[in-house]
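What follows is subunit A paired twice: with subunit B in the first complex and subunit C in the second.
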Partner chain A sequence: MNDTILEVKDLSFRYRGAKRKAFQHISFDVRKGEFFCIVGANGSGKSTLCNALVGLIPFYFEGRMKGDVFINGKNTKESSIAELSSEIGLVFQNPFNQLSYTAGTVEEELAYGLGNKGIPREEMKKRVAKVAKMMRIDHIINKNPLELSGGQVQRVAFGSTFIMEPEILVLDECTTQLDPLGSEEIFDIVKDLNKNGITVIMVDHDMERVARCANRILVLEDGNQVAIDTPEKIFGNPDMVAHQIDVPDYVSICQELKNRGLFKGEVEVEEEPTIQAVKEALKV
Partner chain B sequence: MAKTSNYVPQDSPLDRMDPRAKIYAIFCLGIAAIIFPYYQFSYLIVIGLFIAAGIAKLLKKFTKFMLAFAIPILIMLIFIQGFYSPKNVTIIADCGFAKLGLEGVEYALKIVGSLLVFLGSFYLMTTTTYTGRLVAALVDSGMNMKVGYLVLACLNVVPQMQRRMLIIQEAQAARGVDTQGTFFSRLKAYIPLLGPVVMSSFTDAQERGMTLETRGFGVKNVKPTTFVEAKKRTSDRVVQILLVVFLVATIAATVFLKFA
Partner chain C sequence: MKIELKELRHVYPTGEEALKGISTVIEGTEPVAIIGQNGAGKTTLVKHFNGILRPSSGDVLLNGESIKTRSTAQWSKLVGYVFQNPDDQLFLDSVKREMEFGPRQVGMPEDKIAQRLKVISELCGLQDKLDMHPFDLTSTEKKFCTVASVVMMDPEVVIFDEPTCGQDVRGNERLSKIVQSLKDAGKLCITISHDMKFVVNNFERAIVLYKGKILLDGKMKDVFAQPDELSKTFVSPPPITRVAIGAELGETAFTIPEFMKAFDAKRGAAKHE
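Take a look at the complex of A and B:
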């Protein structure tokens, strides 16, 4: 996991007409196969940063961009969004706004991006069948996307992005509008994709989920890069609360045990190790 | 399938026909009906359309559509042209307040006949053609994919806006706004809904633009392909040729009748 797949170098962006920069001086890299999370309060610049990663900034949104984003060593400024779509895909909040509105069935929706790239029909059919199975939507393949539930549409949106075969998936709060069950279904798919080698960059407000999945976390506050580190280091740092980062309950429990001298290990960010820590503390 | 067009899936020869052949039919039959001097000709074509509707298993719907359009417009045009056309020479009835002229009635029948041919054939095309297949056929014939997108998106965005309107309407009703009742109480309830619907549509449009961009919408120097197949069969080519022959024969007959 040492190969850098995405590199952000001193990136700043100000929307046209905006008084302040959406984010400034952001620098980090993401390694191949990594599960990388971006956290921060509302307005901290997370979504804008996601748009910059996939090339929507500077090509779609108007504004002033400084710095560079490299994907597999290629500067996004020198590619088009369409070209980048084979390397990096974006899934965002509202599932219904991620439909092309050109398809009468789910399979046509999945194939839309492939058609734009001139992929032959036979190849399209193969990829559609494969992705539909992977996204667990093969049973609704002939349904109209507009008839589906939010969770199902989000899976279709995922599939439509993933069918372009990107190496990196950027997920911008993509489960926010879903119910807990729909949200977990999507997340299971994300975890499977990551296990299969897809690099995931995820923005999420659910810190327990972030703590559970992330290899590393980038913390943003008011457009500034506050920290970048492992979940244990980020959530184990008491200063993070000051940066409006909610600490997962497991971390709070461990810290409380540490404060009372009942636990001497590292702060835990997941359920099982925390239970073990509590059990040990109770023995005392 | 959500109601995004008039298309009614049926296993019929018209359903299987290539959409381009149906477009040929609309233009060839419509132009023939307009140029041929006798109104009876248009009604013969209309009878042919009824037969086609029967083959397409859509006779009931087609009859309802044609009558709903034909009767009111025919009455209106016969009234205007029959009573008040300056071409009227032969009086066929005296209604007291005005006299009904044969020439005006024939002219009204001609207009209605031509309109019925155009509308009837267009209706049959839309009810027997899946929109995706129509666009695929047109793209295959060289139409710009972006134009194809516009056609499909316009048809599909309407149900989405209706859905949003319903959500906002339910939200308003839950807050005590009366969305039922008299015309004025409904008007009072619906006007404030327009702002959120329009504003959210702008946000949606931006996100949809982002979606399209990340799915290769703006890709250059690539010949786009479609998932839906639009294959022209030999029978479709024969139909197209027959339609063109029919139009040419009608033009020839019209010219012959004019100079004979």
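Take a look at the complex of A and C:
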């Protein structure tokens, strides 16, 4: 397929010294501009898979990797992390793991990756200002990253990834330090980026949010690929509960209406269509 | 257990007035959830319940005694606090030592420690991980390790700060079980949470804070029947409740059975018209 931007082929990985594989025989592709979500219980291999998508596996984490990841047709094994960073960027689950710990200010932290790539100074300044404004951290640009709140560090971590202008953004539960309002702000930015053609791969526990954003969902359980499909198909499948997937309540409401013969077709996965379905069912 | 808040005010050294006069009584074993947007004063409030923070004016009475009369270490026998970030709390080299540390500090008899260790490690899903280093645990297990070490102290009050943060389906189920079993044991659970689904399914009373004051305080159903007031502090009811409101079912539903009951009632009424 022409529009495939990322391809995973029979990928398995075991961390050095670990008793079992973090994940095994994972195969999927992500299309350019797609909003792709990865879900599963804690320990199902989601974060490790993210590390493999961006090349931290095999370059940074030690272990045994089998299979391949292709980004724009190029095998990650044959690239370097620096080359990959302008194509694919990862926002870590723990933002403190993402800080360089060499930058004295937020401004330097944001510019860190650009400096490594030899971007000219003027261009660097422009990009830093743009990203700082976008992430609403322009007022703390001269602060030391280590003096910030968890939510602020998360914004800096996000900014330092996005500033590289990657074609694919990988988000690994990237809003755990933020309150609902802060998370929504970040997700609005992500949705905007996606609308403008950036491919997004997101790991998240909030199934309501996943249902709202995703074009397709990959379900992992104990390192195995259980299913890959649209939100309606994934959440509409009664077996998903057995795979520890928390089905959005909108789906459960539609299922109940179905059981009473008051609803037909694919389940709804968002609030407004569910309200409409309930209103319709009241009239039947 | 009785916690009385009397015109509690707290002003930080920066001059920021985080609590602007809070008065209410928390009593018995009815689990209480404290909700509201970031900066509403939730964490500042609960840090007064064991004296981590001291009132700038007003008072907090624990079973009638002012919080000001004892140190936090002394209150910790009565009020346990589970931090949001496990790394702020864990510091020993095995789960077992972590769990035994607090009770030993307060002189709990060894046989009672051993007996509680067994029950609580099972409740928290750590029975097979007692010899592990806390830093080798997954983030979920770490959280339960902090819960376990607080519950080990056998306090009358357990305070949870954002317990569901980063938890998966099983972690949430386990938290519900822990809250229920603490209640059954006659303990008072207080939680700060942004997770409204967790709150409405496990807690009976909600105290909603807005800019350092109490906005709403009452039974969960009564509080969530006021979505417009809640939106002031950026609290949005859980999905089932929102759909029930949107479809004008006329009931504050928290569960699917409650929702369908309200649905059937409304549909039946419409048929009779």
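As a working rule, the second predicted complex is superposed on the first by the 281 of 284 C-alpha atoms of A that agree within 3 Å, B and C clash if a C-alpha of one lies under 4 Å from a C-alpha of the other, contacts with A are read in each partner's own complex, and residues count from 1 in each chain.
Assume a contact is a pair of C-beta atoms (placed from the backbone, for glycine too) under 8 Å apart; a residue touches a chain by one contact, two chains touch by 3 or more.
Everything numeric in this text was worked out from a predicted model, so none of it was measured.
Engineer: Check the residue A:Gly115 against both partner chains and state whether it touches subunit B (first), subunit C (second), both, or neither.
Structural biologist: first
Engineer: Kindly classify A:Val128 by the partners it touches after superposition: subunit B alone (first), subunit C alone (second), both, or neither?
Structural biologist: The answer is first: A:Val128 touches subunit B but not subunit C.
Engineer: Does subunit C touch more residues of subunit A than subunit B does, or is it the other way round?
Structural biologist: Of the two chains, more subunit A residues are contacted by B.
Engineer: I'd like to know which partner A:Ser80 touches here: subunit B for first, subunit C for second, both or neither.
Structural biologist: It touches subunit B, and subunit C stays clear.
Engineer: Tell me which partner A:Val203 touches in the superposition: subunit B (first), subunit C (second), both or neither.
Structural biologist: Neither partner.
Engineer: What is the contact status of A:Thr161 with respect to subunit B (first) and subunit C (second): first, second, both, or neither?
Structural biologist: In the superposition, A:Thr161 touches subunit B alone.
Engineer: What residues on subunit C touch subunit A, complex-wise?
Structural biologist: 37-38, 85, 138-140, 165-172, 194, 197, 234, 236, 238-240, 242-243, 246-247, 249, 256, 259-260, 263, 266-267, 270
Engineer: For subunit B, which residues count as touching subunit A in their complex?
Structural biologist: Residue positions touching the partner: 1-2, 4, 130-132, 135, 145, 148-149, 152-153, 156-157, 159-160, 163, 204, 207-220, 222-229.
Engineer: Under the touch definition given earlier, write down the residues of subunit A that touch subunit C in their complex.
Structural biologist: 41-43, 150-151, 173, 176, 179-182, 205, 208, 244-246, 248-250, 252-253, 256, 271-272, 274-275, 278-279, 281-283
Engineer: Please give the residue numbers of subunit A that touch subunit B in the complex, ascending.
Structural biologist: Residues 51, 54, 56, 59-60, 80-85, 89-90, 92, 94, 96-105, 107-108, 111-121, 124-125, 128, 143-144, 146-147, 157, 160-161, 164.
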